[in-house]
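Quick notes on the structure that follows.
For reference, chains read A, B, C and D in written order, and residue numbers begin at 1 within each chain.
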Amino acid sequence: MAGKLDLDPRIVARARALAAKAGQPVVDLARSHTTVSVERAVLRLAGVHGADPDGIPWVNRLVDAVRADVGLGHGVAVPVLHAALTTGVEDLTVLAQKAAAGSVRFDVPEKKADVAAARRHAKRAAAGGLKLVDRRRAERDKLIRRYGDPAQRPWIYLIVATGDIYEDIPQAQAAARAGADIIAVIRSTGQSLLDYVPEGATREGFAGTYATQENFRLMRAALDVTSRELGRYIRLTNYASGLCMPEIAALAGMERLDMMLNDSMYGILFRDINPIRTFVDQRFSRQVHARAGIIINTGEDNYLTTADAVEAAHTVTVSQLLNEFFAHEAGLADWQLGLGHAFEINPDLPDSFRLELAHALLARELFPEAPLKWMPPTKHMTGDVFRGNLLDGFFNLAGALTGQGILLVGMMTEAVVTPWLSDRDIALQNVKYVLNGAGNLHEDFVPGPFIRGRANQVLGEAIELLERIVGDTLMDAIADGTFGLMKRPADRGKGLDGVAKQEADYYNPVTEVLA
Amino acid sequence: MAGKLDLDPRIVARARALAAKAGQPVVDLARSHTTVSVERAVLRLAGVHGADPDGIPWVNRLVDAVRADVGLGHGVAVPVLHAALTTGVEDLTVLAQKAAAGSVRFDVPEKKADVAAARRHAKRAAAGGLKLVDRRRAERDKLIRRYGDPAQRPWIYLIVATGDIYEDIPQAQAAARAGADIIAVIRSTGQSLLDYVPEGATREGFAGTYATQENFRLMRAALDVTSRELGRYIRLTNYASGLCMPEIAALAGMERLDMMLNDSMYGILFRDINPIRTFVDQRFSRQVHARAGIIINTGEDNYLTTADAVEAAHTVTVSQLLNEFFAHEAGLADWQLGLGHAFEINPDLPDSFRLELAHALLARELFPEAPLKWMPPTKHMTGDVFRGNLLDGFFNLAGALTGQGILLVGMMTEAVVTPWLSDRDIALQNVKYVLNGAGNLHEDFVPGPFIRGRANQVLGEAIELLERIVGDTLMDAIADGTFGLMKRPADRGKGLDGVAKQEADYYNPVTEVLA
Amino acid sequence: MSIIRPYGDTTGDGMVQLSFTLPIPHDKRAEGAALQLAGKMGMDPAMLVHAKQMGDEFTFFVVYGKVGHLVDTDQVQVVERDYPLLSAKEVNAVIKRRLRRRLNVVGACIGTDAHTVGIDAILNLKGIAGEKGLEYYSELSVTNMGAQVSVPDLVETAREKKADAVLVSQVVTQRDAHLHNTRAMSAAFREALPAGKRPLLIVGGPRFDELMTGELGVDRIFTRGTTPREVASYLVHALIESRS
Amino acid sequence: MSIIRPYGDTTGDGMVQLSFTLPIPHDKRAEGAALQLAGKMGMDPAMLVHAKQMGDEFTFFVVYGKVGHLVDTDQVQVVERDYPLLSAKEVNAVIKRRLRRRLNVVGACIGTDAHTVGIDAILNLKGIAGEKGLEYYSELSVTNMGAQVSVPDLVETAREKKADAVLVSQVVTQRDAHLHNTRAMSAAFREALPAGKRPLLIVGGPRFDELMTGELGVDRIFTRGTTPREVASYLVHALIESRS
């Protein structure tokens, strides 16, 4: 596939170097801070589970209690395990319940030996969670060996979004039977701004279903049944994003989800979550994903729903380069990088399809080892469902021509409703026709001057923008509306109060292992 | 465009030579016979018009009368004009009326001078019709100079088929405004087997509208208004096929139709019209089209509705080569050869789209100067209209990638109804999206080994078949079900009784000029 | 289950998709008119999701919405196959044993309709969907008259061939051509032959309603997806089994 | 023309296209059930042209046919623009002359809805469809609170900014989220402020029914394709012109 665009390897190397330079300060920031959700994720891996009668998870109650007593800057692991050791309450969930009742107080031990003991126990507890994550990963590997990966590239990715896990399950199974390789359960509109992860099986989401550990478990189990039935391992996707990104990453690892939406800037731009909060949560969640063998899906496609897909094409490239840098830094391998991009050029534009090919091929050749996530048209979809199905067909074709890794299947009703059962069927039939009938057309696709020129132009603009960001800072660029036209200053946005600077004695038994 | 397939020019030349060899006996046959419809066409050009109170045209009455008296083998021109001279009834329509009433008798003059006089007058009368045809052609040239040809290739060809000329007209105008370059008025199901051309404006066709001189005139006038309104010359198409092919060709020339469906074998195969009748009528009608500057559309696409589009691909090529040979022989120039082919491969077949490209490109490169007529999927269209619109989109793309000349726009309701107004609108929107967004993709289309291999294979099979036909005869091949799986022996089929061998003194004032 | 509703993405949501054209230019009133029609069809609420003017006088609409109608599957009327599906071998055996002569079948596509693919699929050796056509059955004597056969010719041939059954195909439906032609055909047979001598009359085509036999004066109607075996089995059933 | 019918290809033919899913596997009975539904919607004759089973329990259908319903365009209810469409200059002039202070507008996307493109199109300088947004109007003071704003925060800000008008956007409609959120919003304003002090309440979004103002407790509803000028003209009309 590589080589159709004649990209100059020196220019590509320069782009990567600039992205590293632009990203490094943010990494430094992430390494020196923690958040309530990072700490809760640690506790989840350490075995704290369940929620109080109001549905507030015990991890929240426990972190809040620790924070009230000693702040967050030391990490919660040492104070919590120290309390466990001193009170003799070894079950951390029970400890959380007691803490919530006000019957436990936390502090940071002063004696070296106490610190060492607390750290040792914390490490052992966290290791339990990580071992579970490892087991799940091995399980996945085994199932893939048994059932096999999809026969074709791109993998076919379908969403379910009924809001009710018990409607989602049969729809997901039906979608898999009809040809989906990956099922994504879309989240309820409100969840990203919840500063806790809901508990249990849920049936009342709006335009999506809550991400809960139990919903993860139910869906994964159902898809295991379907994988067996079909002799093809069906992957499951959810969202490690929003205020609880690190915890959801941990839950995903423990419930064998296979892919997670996880972008370095999506929460900042589209959920108005504080940038620092996001970057700290990001790094941790990616470290967990790396360990869990989860493929991440980044969110550059979203920029093109608010900004123009031609004018802002280079911002997608810049963001992909940054996402790659952050991902590598967090330990993710190239095969785990489902970098996002989308078919969002105004279809009325002359040569719109060829511009799409140029952009898609640029991503392909810049990241040859990454399983790129190719998103369908949404912005220019209208209530004209006949035209919609046609556009989706050309999107599918562009995906096949440019060797995309993960094809998020577009629905003709994009502008109307969250997908109906029949929409998915029609969409899959569309994908199958295109992949079966024209999937090999890349053999006959040799970009001419127009496509090559456009791709090189976008890369050039990306480098210019990266130079500006390096000169300035990434935080300022985000504040200025560089990405998706959204302006998000570093000192604003939701969840900032959940961020703390790490103290010198900060200890995190999970990152210690994952770093 | 040429050269993408690496066709060997020697093989191409051999194919052409074989087609000429296979076609020549049929040409000889056509040159030595005449038919009732050829003779009626002569009379129409000579000015006979109108119909009796039962709707039977005076040309029919006149030819029948001549035939009853002296047979057809001398041609009707001399007997008729001789009668006109001897009776003094100079208006041939009046003569026809008298003949129908039994008050005129016809014979072939014996005296050389009488023959010469009759021929001279016949020639002058026919010249009147041909002059009208020439005037119409000049008119077309002028209008095209004034309004211009379509801005893009392929030209966009749309059908109307309400059965009622007065519903057809506004629909045709709407289609032109929406982007059609060519309007085809589909004929009523029954017309091809009528051995006369109906008269006047008609409103009661089934799945199409009768081809009549008045309907031609009304539609052409309406489209002239629309051409002016749009500043783009809108072409009009009808069918020179069926038992009255020669007459309809004459009427088309006199009413400035711009294209005519006119195939050397369609009537034989799909209307069970006698092969000899068809070939004789064919040759005459093509001579008229050549003079009128009309582009013909051949009917190879039809074979693929009854035969399999992959298995029978080479029969399309063979038929195109034969159609080309017959057309050149009749005086048509390359720019007038809208050779037909179609997107009819089973869409479930792996690489179906690439096979379509191979076939379409083969036609393109075999006939580089011909405005190929590219027909949409019909056979594999189902009631699933969403899928239908998608297939039509890929058909449009194949047309653009392979440089087709005339794009017959497919409708999502192909398997359901003759097109609705909205179907045409949706279909045109489809065409526009594809041509606008991907019309230049041919720049990036460089067929690889699969497509090149397939095209060369089809050409090879075509040559084999031509060799077989040359060894055998074309008539036998037609009798054997070679084309479209239909078996049509030369001594069967409708209209054979309207054929006559030319006598030594056969005279036709039209072919004399056109030959 | 006997009472059901349309399903969009949740059980019982009643969601459907509708599209149509109204002969008025696009404006707010036109959208209201479109919603009025959707309402009359029982859509409530109805969402008008697309409206596009075509030319000066027409507008195309797409509407999504919920219908309140219940579908009672117990009330559904269908023509169920009321005869056993036999293999070619069995069909031949029954004819041989019971009729003791070949069964005569005459087929045609009548009127101006020239779509022979359907009738050929049933009659010709080649068949369809992996099944051989009636010509393959040794005990059936098949005459396929082809396309655009006139009713008098058909009656004449049926008489001549002593047809036990006449199979007629009709594909073109514009202006109800298929219904007119079928009625004309059955009337001609009624006129030409006394009840006892009349062949079994069968019509087929993709757009027939199988429930209309009475109205059309025929014995049986076959539609989309018919296979030769079904027809052969029916012939044996109607002409032999049920007459004994 | 006041009585019209759907148009397929001939005046008065009444033809429409319909598609839906029924929660039953595909067989003849299912097809009959689909036709029963089409019949209840007024399609007669209805042609079932496509049926495809999806999974084990569902079948998708496409039906074409004629509806008998008449559409009476005189009976159509629409919210016609009942105020003049002004230019930005005129809007500013009226406010300056008649109100003698800037008119305060607070906008937000409430509930868990984060689709800001629509409200931004109305409020932000950039605007939409070639028209500048309300921020461009010198006599309007615009506060755009962005997405996922809670109703209490909205009420609080409206009070603080002395909002003359509150503009709320709602795009997500699944489970009628937009209706619930709008009702909650208007109730909160009714509760928090006396009638005379209440800002003008406006909602917008692609799937609202403009006729529902009463039910939702708002003053005006805008839907698909709204432009800033229309909103500005309405504000001037409702807050100034019609109050004098």
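Convention: a residue touches a chain if its C-beta (ideal position, glycine included) is under 8 Å from a C-beta of that chain, and two chains touch if they have at least 3 such contacts.
Chain by chain, the UniProt names read as follows: A, B = L-beta-lysine 5,6-aminomutase alpha subunit; C, D = L-beta-lysine 5,6-aminomutase beta subunit.
Note that the structure is a prediction, hence the values are computed from the model and not measured.
Seen from the C-alpha centroid of chain D, the farthest chain centroid is that of B. Chain pairs B-C and B-D differ in how many C-beta pairs they share in contact, with the greater number at B-C. In this assembly, the C-alpha centroid of chain A lies 33 Å from the C-alpha centroid of chain D.
Here the spacing of chain B and chain D, counted between their Cα centres, is 53 Å.
The distance from the centre of chain C to the centre of chain D, with each centre set as the mean of the Cα atoms, comes to 44 Å. Of all residues in chain B, those touching 2 or more other chains are 161, 384-386, 415, 417-418, 420-421, 426, listed in ascending order.
Of all residues in chain C, those that touch two or more other chains are 7-8, 11, 15, 17, 19-21, 47, 52, 58. Remark: chain D residues 7-11, 15, 17, 19, 47-50, 52, 62, 64 touch chain B in the complex. Within the complex formed with chain C, the chain B residues making contact are 161, 163, 170, 173-174, 177-178, 188-190, 193, 206-207, 270-272, 305-306, 415, 417-418, 420-422, 425-426.
For chain D in complex with chain A, the residues that touch the partner chain are 19-21, 52, 54-55, 57-58, 60, 111-114, 117, 146-148, 172-175, 177, 206.
Of all the residues in chain B, the ones that touch chain D in their complex are 161-162, 164, 167, 171, 382-386, 413, 415-421. Of all residues in chain D, those touching chain C in their complex are 1, 4-8, 11, 15-24, 28-29, 31-33, 36-37, 40-42, 45, 47, 58, 67, 69, 71-73, 75-80, 207, 209.
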